[in-house]
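Pasting a structure below so you can have a look.
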Amino acid sequence: MQSGDSSLRKRLFQIIFESDTPQAKAFDIVLITLILLSVTTVFLDSVPHLHERFGEIFYLVEWGFTLIFTLELALRLYCLDRPLRYLRSFYGVLDLLAILPTWLALFLPGAQSLLVVRVLRVLRVFRVLRLMEFVGEGRLLVEALQRSQRKILLFLTTVLLIITIFGALIYMIEPPEAGFTSMPRAMYWAVVTLTTVGYGDIAPITPLGQFISAFMMVLGYSIIAVPTGVFSAEVIRSIQRERYSEEACPGCGHEGHERDAKYCRFCGTWLDEETPDPHAPREEDTPDDDEKNSDG
Amino acid sequence: MQSGDSSLRKRLFQIIFESDTPQAKAFDIVLITLILLSVTTVFLDSVPHLHERFGEIFYLVEWGFTLIFTLELALRLYCLDRPLRYLRSFYGVLDLLAILPTWLALFLPGAQSLLVVRVLRVLRVFRVLRLMEFVGEGRLLVEALQRSQRKILLFLTTVLLIITIFGALIYMIEPPEAGFTSMPRAMYWAVVTLTTVGYGDIAPITPLGQFISAFMMVLGYSIIAVPTGVFSAEVIRSIQRERYSEEACPGCGHEGHERDAKYCRFCGTWLDEETPDPHAPREEDTPDDDEKNSDG
Amino acid sequence: MQSGDSSLRKRLFQIIFESDTPQAKAFDIVLITLILLSVTTVFLDSVPHLHERFGEIFYLVEWGFTLIFTLELALRLYCLDRPLRYLRSFYGVLDLLAILPTWLALFLPGAQSLLVVRVLRVLRVFRVLRLMEFVGEGRLLVEALQRSQRKILLFLTTVLLIITIFGALIYMIEPPEAGFTSMPRAMYWAVVTLTTVGYGDIAPITPLGQFISAFMMVLGYSIIAVPTGVFSAEVIRSIQRERYSEEACPGCGHEGHERDAKYCRFCGTWLDEETPDPHAPREEDTPDDDEKNSDG
Amino acid sequence: MQSGDSSLRKRLFQIIFESDTPQAKAFDIVLITLILLSVTTVFLDSVPHLHERFGEIFYLVEWGFTLIFTLELALRLYCLDRPLRYLRSFYGVLDLLAILPTWLALFLPGAQSLLVVRVLRVLRVFRVLRLMEFVGEGRLLVEALQRSQRKILLFLTTVLLIITIFGALIYMIEPPEAGFTSMPRAMYWAVVTLTTVGYGDIAPITPLGQFISAFMMVLGYSIIAVPTGVFSAEVIRSIQRERYSEEACPGCGHEGHERDAKYCRFCGTWLDEETPDPHAPREEDTPDDDEKNSDG
């Protein structure tokens, strides 16, 4: 019985946590469909006139999803050797948050309203993308983001300083009637303006304030070139990387040779194992590697 | 008669469906002009005060275009061997939709108002672009889009998740008075904000809501770098690919020769392996260019 | 007298139309300063409360600028052999338009209000940029724009079709109360939305309209990648072009060799005139170009 | 005492002005934290309902920061040989502006309200970034900006001309009721529109005005490609420059070796001319690698 149990756990593990068997793929697809349906239910239930008419149906459906997700979480914990560790992991916390509100509502009326956190489960979409060969693309983008990370942080710091300083400046210039009632609010306006969102809920009314706003707009409009330029450059580098071979030099073990390299750039060893090195000394007249020696 | 008929059909086919004879080009230009005029009529007729004054003229003009387009469709079907197949094709459906409303209005009063679907016929513009040597440019863009397709899908998925999660978040934070009356509406606001459109028809009013909005704006402002970077990289690759051959020089192994290169720019070796080098020394004094010839 | 006159005209020509002598540069700078000042006057005069207080001063100042610009135009015409031709040129028309309104106002009361066209004279800024070594930069950008011209036209055509079709679609969906009172107005809304401007003067109010708007926003937000990618690629190509030598091959006369090219890629001729071709046959054993033949 | 004094000054100098010892790093971090806290206090104090409740506490806290920053400035001046010079430097002026308002308020009631200039001290963040190895990234971005500077100036000049001309145009077309009450205001609208901010506080209401606006929007939407393309190209150049040497291989003339390359990847020649090739055959069996050695 024990071994049967262990093989059941093993099979469950393969189906639930891996994604290379047909069953595992089917499980992933069914799961993401259920998650999307449950999120749709939460969304529809939030529309007042739908809630009025179908509120009770939504309530039942939500209980249905809660039971299914509870069963799913139980199976996940069952087939793991260290279930508590999973519960503390990122996806484990999301799984728990998705079912807790409904269960809590049995004891605490109103907890139901927290059901909205179930929305976070949509993040499982990223796990399902594995199925669709998006991994390579994703890795490439993440790599490019990681390499441009510091430059983009520098850009964001600059943006934050611009927002702080211009927010304070416009707060001093504009009268409170224009909506600039406090400095944090003026900063909010600065973000709305610099990012070219432009709600218009707060807008400068004095000529000087409008001049400064116009300056900020042109600034915001132009500096978008910075993250775009940085990221473009890194994506291009990532794509060109595909130009790099992943084989190591047989001489010194260094990796990262360009695909067209014929000699290791670190130790000069001939890299192409299928053809002989044209400059290599022939056996009998080692080590001369050039022409004139032939008439010895 | 039959053969005359068949040759008429053949000529009609060439004029209507191809675009390499002067008549075919003239047909395409006349057709696209008529389409644009008919769409303009539909647009002008929708302006209330123009409809009042010129409504009857517009009605006659629309009937005129309907008759012309009906004749055109009849000719198209006449010169094809499988007319039904065309009717089920993309452009066939558009052709039919463009004339149906006017005809239907004879039997069903009000069908006229569907005339607006005639607008879709402007998509024929893309067919006319063939005339203007836009094909190469278009192909290059489509190729770059296809290669960046998966990365852009990944980006759009991420954008959708951000919109869903932030929409739910702001729905919990903001009071309904600010306009966040349901989660779908909050998601609509999230799209308006993340894409930096910023209508301002719904805007957060609580400090926390404004802080989260500000965060979303900076996020939306920055991540536009992702599709831009990806697509830039692919266009660059397309342009370079069009220009550089991927074959290596048989002499020195150097890659990256321009497609029109006949000699390696590093060692002067003849690159085109199919034809002999016109500057090569004639047979009697051919240089032996490898080691085995050494008569040692 | 005649020759003195002709030399005066010649000197005036050099000062007014060229820009390589100190006087010519001074003339350009003084002129652009006067243009900017005159435009500023027109702008300030348009502000109601300034017009009330300083209206008369502005009137005098505008007459002053008109007299100066009239004198300038007279000098321009005087030192040209074909003055009428200049008057029909782009800058000639601008020069005339800048002074006509004030003169016309003597006869036609109200013509003064056309003075605003004087603003167009600011386009002379582009001529003055010559002074500041901006020519090379400008040429590079214009070149890149020219090369990406067709792709950007294709993009703009697509944008126009999207705007037309979505404008018609939203016109059918949204009630006129939301501001979509005619199809041209709906198209205006579509432009405001797709370009992410988002005034909010017209905004959809039905759920379906908001869903379609959200789709358009994400579309507009993403496709900005197209012109950006195309133009980036072309700028990169322009910059790399600087990589290309402008010298012609001494063998076949072809130009456009990459700077690191040692052999002409069309005829294989050795390009570097300062050092001898290492593969060139030495005189005594022409034409063998390799090693083994040395023992002849 | 004197030498002790001088060594104290020297140590203070190292801690305050440099950043390579642990104490200096700690000083920088404590300072930036204090600056951010003091700015936060100024911001919170500007919120009316917080000012009402905690106004007196904020007042005390601001005096605390003023005393600390006064002490810091005194120490800075004490350990410099030319303190006045520092006071006239960029950061010196900021340091003084940050403490003056509070001190002045002792004599001039109301000077306190100028405390907002303390916000400018956040610019010290850029100095602290030194600690975090952001220097290289920053230098690369600044370099790319410098190289694209003239092109971006040209772009901004064009943008300014577009704004001026379209502002004047729309001022003539639109009635003052739409908000276009003066030309400077119309220019403000033109900036809001071209940069795709789109507050909507001023918006055209005539069909012609809306048509021109739509044109401006598509223009603004498209030309963002210009600074983005220019800057992308320069970042790519900076990154590649950092990576590839510009020296040619002495063996085969090939360029574009990565900076860490020791051997040419095409012919295996040793690239570092200053040190001998460790893999080169020893003297007695040196291969003659040029023609003169031929013992004919």
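Miscellaneous remarks
Per-chain numbering from 1; labels A, B, C and D assigned in written order.
In this text, contacts are C-beta pairs under 8 Å (C-beta built on N, C-alpha and C of every residue); 3 or more make two chains touch, one makes a residue touch a chain.
Keep in mind that what you see is a predicted model, and the values were worked out from it rather than measured.
Number of steps on the shortest path from chain A to chain C, with steps defined by chain touch: 1.
Relative to the C-alpha centre of chain D, the farthest chain centre belongs to B. Note on interfaces A-D and A-B: more C-beta pairs are in contact across A-D.
Counting the residue numbers used at the interface between chain B and chain C, under half appear in both copies, so the two copies meet with largely different residues.
A separation of 29 Å divides the Cα centre of chain A from that of chain B.
Shown for chain B are the residues in touch with two or more other chains, namely 155, 184, 187, 196-200, 220, 224, 228, 230, 232-234, 236, 253-254, 266-267, 291, 294. Those residues of chain B whose C-beta lies close enough to touch chain D in the complex are 196-200, 228, 232, 252-254, 266-267. Listing the residues of chain D that touch chain A in their complex gives 39, 42-44, 46-48, 116, 119-120, 122-123, 125, 129, 133-134, 137-138, 140-141, 144, 152, 155-156, 159, 184-185, 187-188, 191-192, 194-201, 220, 224, 227-228, 230-236, 239, 257-258, 260-268, 270, 277, 279, 281, 285, 287-291, 293-296.
On chain D, the positions that touch chain C within their shared complex are 150-151, 153-155, 157, 161, 164-165, 168, 171-172, 181-184, 187, 193, 196-200, 203, 207, 210-211, 213-214, 217-218, 220-222, 224-226, 228-230, 232-234, 236-237, 248, 253-256, 294, 296.
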